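Labels run A, B, C and D following the written order; every chain starts at residue 1.
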Amino acid sequence: MRTPEINRKRFELARRCVYVVIALAVIIPYFFNPKQEFKPMAEVVSVYEKIDAMKPGDQVLMAFDYDPSSEAELYPMSMALLRHCFKKGVIPVIVTHWFAGLGLFEKACNEAAEDANSMWGKKIVSGRDYALLGFRPGWTDLIVKIERDLKGAYETDYFKQPTRGMKALEGVNSLEDFELMIDLAAGATVEFWIAYGTDKSGTPMAAGTTAVSAPDLYPFYKSGQMIGFMGGLRGAADYEKLLKIPDRGERGMLAQSAAHIIIILLVLGANVHMFAKRLFGNKRD
Amino acid sequence: MRKSAAVIVKPLTTLAVIALAAMLPAGRVAAQTRPATTTQATTQRAILAEAIPVAESLRAFDLPNDGGKGIIVQWAKPADEPNGVTYIVQIARTKADFQAGKFETQEVSPSPKALASAKPAYFGYSDDANKLYYAEIVPAAVFGPAKPGPLTPERLKKFADKGVLTPSELDRALAAMKLLPQPAPTTKPTTSPAAKEQHKLTPAQQAELEWYQVLAAYLTKLDGEHVDAEIDTINSAPYSFRLGVKLDGQVALVSHDGEPIVVEAQAVVNLFKWGKLNNLILSLAFSAVVVAFIQVAKRKPGLFIRKIAGLEAIDEAIGRATEMDRPVFFTHGSGSVTALPVIASLNILSRIAYRAAEHDSRVRVMNQDPITTAVSQEIVQQAYTEAGRPDAYNPDEVSLVASDQFSYVAAVSGRMVREEPGAIFLMGTFGADSLLLSETGASTGAIQIAGTDSYTQLPFFVTTCDYTLMGEELYAASAYLSREPRLLGSLRGQDVGKAFIMIVLVLGIILFTAAAAVKGWDLDWLRRLLEASNA
Amino acid sequence: MPDDLQDNPKSIIRHYVEMGVLALLLVVFLAVSLWRQDPLHQKDAAATMKAIGLILAAGLTLTMYSFLYRDNPLFKIAENLYVGVALGYMAMFVWRQALRPMVYEPIFHAPTWSALQTALLHKTVPIIVGFMLLTRLSRKHGWISRYAYALMIGWAAGLAIPNITNTYILKQLYAAVTPLQQAITSAPNTPAFSYDWFVGTAGPVVGTLVILIGTVSVLFYFFFSVEHKKVGRAVSTVGIWFLMVSFGASFGYTVMGRLSLLIGRVQFLLDEWLKIPST
Amino acid sequence: MFLKRTLPLLIVFTIGSLAFVHDFIPHPLSGEFRSEMASWMMIIGGFGMFLGVYSLMHMHITRIRQKMAGWGYSVFVFIGAVGMIATGVYGDIVGVSKDDIDLFDWGYKYIQVPCGATIFSILAFFVASAAFRTFRAKNMAAGLLLGAAVIVMFGRVPICEAVGGWVFNDRQAIVNVANAIMNYPNLAVKRGLLLGIGLAAIAQSVRVLFGVERTYLGGAD
């Protein structure tokens, strides 16, 4: 086992060296921007195609279930999705289980609306072209409620406007009325949405998650409970690539490549060191 | 030669027209079809005659397993289905309405999705379902309810007549209505005219307008409820149906002796979702198994559980902490006391505290949830008492350090660095805090034992801790240590469930693979058993 | 001064040196911030507040990273301020997004008498139960909150059984038993042992078998009713191998996510605080 | 005893059975019932959040009042919380127009957002150092862990397509291997775990419904 004092000092030194190397690997690529070629992953393509095939005026229920701490991974996804919706005239209806992200979601809507104005000359108005419904407590109960009665769960939206009679919500009042449900989640909400929402209503479901929970989505994806998903910053980059609007996702890919290579080299180096020690019979350690 | 070319080309153009028609609103369909010439008409008649389904196969019945919304019309797929035909279902309130021409039409274009096999919940999985077409008809979608118009003074008065508004409220609403911004003909992109108009109002008027908007929302809600009630009435009435085939604007109805056949059906409110029968049976069976084994475990305390790696390590770690005269740290992560792994970890805590009390080493418990803290205090105190050292218990050592994920991490990390524990137990529910804690813990040189069912976090524990109780191993460990019947029994029940699943997996794959090779073996029963459905 | 520095003169000196370095860094940080953000020469109050905000945000970001080197007073201040702001934000949003629209407005801002009656009909019970939940704070009357817990937990448990059976068990089981059949029936007609055959036919069939073996062995690993000996031992070892591959994959995938978070912060610092445009 | 233990357990059983049964009934009234209960739970949940706010506030106030070790730092918690609440209430009552500075938003944007994102991003360093320290192919299991991690890590960044094109003459070669790991062994394990979790969650619910599990009631009596 570990712990003699010398080992701990070496351990601390190694740790800090790794920190510095990682910091450099992330900072340096910021100043370079070579063209990065990559093919979007199939999971992401199916989400993109689903939205791209929608008609103007179709509604998509989006749950932005994250907060500022996961901003780096999920905010680019939100932006890409919102831009895509605004471009196609699809109406995103945004709900959340995480109140702490609300300020971010408002910002995302405003930014995407400005982009729509500058890129396609579309004027995006809250309540008509999108609905930011905001937060309600209750976790699974919120989903159970939305599954049947969205306007009952949200009598008013985030801007205190009544949802009944709202243009953006015309013709939708339960989950099955939506063409698609997308959950951008930093936690376990995807599974809640599947179990208590889309599996019951039959609405197609997609998700975007932080990279840590993306591997857990494969069973749902392969069983058809989900049409596709975006995992981590790479998922966002793929979507941006499909949408042809490069932003933070694609911009981060070089740093991502660099840091991954560094970590792989560190790990392989350490292994080579270990095997070399074994082979040449170092007595210490 | 030319004729046969027409036979090939015609259906293709028809297909294109149908595809176009599907994209356009229904009313425009007629405009898209050109009148057919005489020779084409004769060929079409021949094709249509071929396409008409067998009269006996036409049936209409209540859509099963729903709340009285839909009716199903089904008919057999003609043996030789010509290209380009569309089926039409004509829906009327009574038989007589057909003669009067008062009926609506729903089109079904032939595709695998229109086949009964696309809805196994209603038609099963047998090959026969591939020979049936069906149309799901929701009367309210065909004979839609009257849409309530916008709020007008007249409609407000009607609400007042119904008693929804008191006379004074009516007057107030009428007055507020006049303050509403008039729709301006031009819209400027910068500020909406509504916003501009509102700037001119006095604060009192503004308040009235806001009140009116709340009222309008409330009245819209009542309208919605009214429409819902109307939809229910429309759906629950009996309806008559005729079936026809359509080709390029020509329609031929399914007839008997020259008389179009009319079938009738009425939607009924059902009381059980038969498609979920498998779910009900499985849920009840599994529940019964769990409850039964809990009873068994209560009577026979010695239910077998296999040894779990990492359990001996608990004693070893405590022993080592004692040797080095360092404290033992324990955290539950971020779960509340209702979370399964927290309950399990509380049992392990009890054991650890008992051991630590025996060895005379200190235990620090750090929590993120006030209720978990209270329960932990009780448990540690009891463990100290059982070990015969009630005086050594210090309630300050079991404490709430923060109730927010990242500040909790910071507080616990700080203590780890400062107090240098000999052993660290991380057992419970973990999120992103898992690696933050275990990596800091590793830097202190303590033995770390983790246990969680938060699967996303397991990779980090596995890499940074000395031992990790993965998933259900945590429950098993806690049952093993505490001999608690409710845990032992339900663990055994879960094992039965797992055995069942393993058998189904292996047998299922063998059977389905065999069925794919043998023609006509549809395995309807097995699919019905496994397919999850919500109807 | 931290408690762990007793009377050791060496560590006291070190402590003061560290504090000095910290103060120096703080001065450098403020100088750079004033230079790049220039809050004093902005066109209006909003721009000034934005500049100050960016300086604060950058300062907090750097302070948080200082924990990687060692715990320090600035970090503690930043961390506690963060906890406080998060708490205040939460308190406001419990009100703004939960209690106000769901409880306060339907009752106190009911537009009409009949609307008030409807609201009371639907909200009275949950409000009472909600207040019962608050009794948890009292030692003496804490037991009343049990009714609220009973209602919430009973409801959640009852709902969970059929829905979890549906989503976690039935859907997954069905997805797990069908593919081999699909792989055979939907396999493209390609010559055996060609590249396309490996990708189109052999791949999915082998993959399906891998999934079957993996799922069964993992389930068996978590099987506690029998001792893992002989065959059982082999199966559970295979289960462990599968677990390790999956953990490795998760770890690898997660590295990506965790790095993205760092990239996000670096982009913030360089782009918004230092105003260095990215190429 | 009846009021403190039996009645709550009876409520659990009754309400749980109702929730269970109504999932199998297609009748519209049954849907109404579920919907109404869900709104109740949402309101109760709102009160539950208040509980969290209160207990944390209470804890820090006590720390300051009793001058516990490090209480000075608790003052900052207090400053943050009170500042946010005060500006928020001000915004609600007086109202902040679009052109004014909303201090509540300001606090959120420049304190909460950067702090949360930064603390979380520290994990990037930890993940790297954990990988560096512990990924050693000492035995079969560790080797598999290491191999899968390296392949997936590499297969998820764009550069692997360039390397794949260069080494294997197929840009997707490494990506395909990474995808195969995700799609087959990873899927198998995750599915196995999911089935296990499903069973465990159902068993837990059954224990709760039948009153076998009652830790959540808390307290001894």
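One rule holds in what follows: a contact is a pair of C-beta atoms (placed from the backbone, for glycine too) under 8 Å apart; a residue touches a chain by one contact, two chains touch by 3 or more.
None of these values were measured; they are calculated from a predicted model.
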item	value
C-D or B-D, whichever has more C-beta pairs in contact	C-D
Between chain C and chain D, centroid-to-centroid distance (C-alpha), Å	5
Centre-to-centre distance between chain D and chain B (centres being mean Cα positions), rounded to whole Å	19
Chain A and chain D, separation of their C-alpha mean positions in angstrom	15
Between chain A and chain C, centroid-to-centroid distance (C-alpha), Å	12
Sequence positions of chain C contacting 2 or more other chains	3, 67-68, 79-80, 82-83, 86-87, 89-90, 94, 98, 102, 105, 136, 153, 155-156, 159, 161-169, 171-176, 212, 215-216, 219, 222, 243-244, 246-251, 253-256, 258-259, 261-262, 264-265
In chain D, residues with contacts to at least two other chains	20, 23-24, 31, 37, 39, 41-42, 45-46, 48-49, 52, 55-56, 108-109, 112-114, 116-117, 119-129, 131, 133, 135, 145-146, 149-150, 153-154, 156-157, 182-183, 186-187, 190-191, 193-197, 199, 201-202, 204, 206, 216, 218-219
Contacts with two or more other chains, residues of chain A listed in rising order	11, 15, 19, 22-23, 26, 69-72, 100, 136-137, 141, 144, 155-156, 199-200, 212, 215-216, 219, 222, 232, 234, 256, 259-260, 263
Touch-based graph of the chains, sorted into line, ring, star, complete or other	complete
Chain D residues touching chain B - in the complex, by the definition given at the top	20, 23-28, 30-31, 52, 55-56, 59, 116, 119-120, 122-123, 126-127, 129-131, 133-135, 145, 190, 193, 195-197, 199-204, 206-207, 210, 212-213, 215-216, 218-220
Chain D - residues contacting chain A, complex	31, 34-35, 37-39, 41-42, 45-46, 48-49, 105, 108-109, 112-114, 116-117, 119-121, 124-125, 128-129, 131-133, 135-138, 146, 149-150, 153-154, 156-159, 161-162, 171-172, 175, 179, 182-183, 186-187, 190-191, 194
Complex contact set, residues of chain A against chain B	1-3, 8, 11-12, 15, 69, 123, 125, 151, 155-156, 161-165, 173, 187, 199-202, 212-213, 216
Sites on chain C touched by chain A in the complex	68-69, 86, 89-90, 93-94, 97-98, 101-102, 105-106, 155-156, 159, 163-164, 166-168, 171-172, 174-175, 246, 249-250, 253-267, 270, 276, 278-279
For the chain B and chain C complex, residues of the former touching the latter	163-166, 169, 211, 214-215, 218, 276, 278-280, 282-283, 286-287, 304-308, 338, 371, 402, 404, 406-407, 410, 414, 417-418, 456, 458-460, 462-463, 470-473, 476, 491-492, 495, 498-499, 501-502, 504-506, 508-509, 512-513, 515-517, 527, 530-532, 534
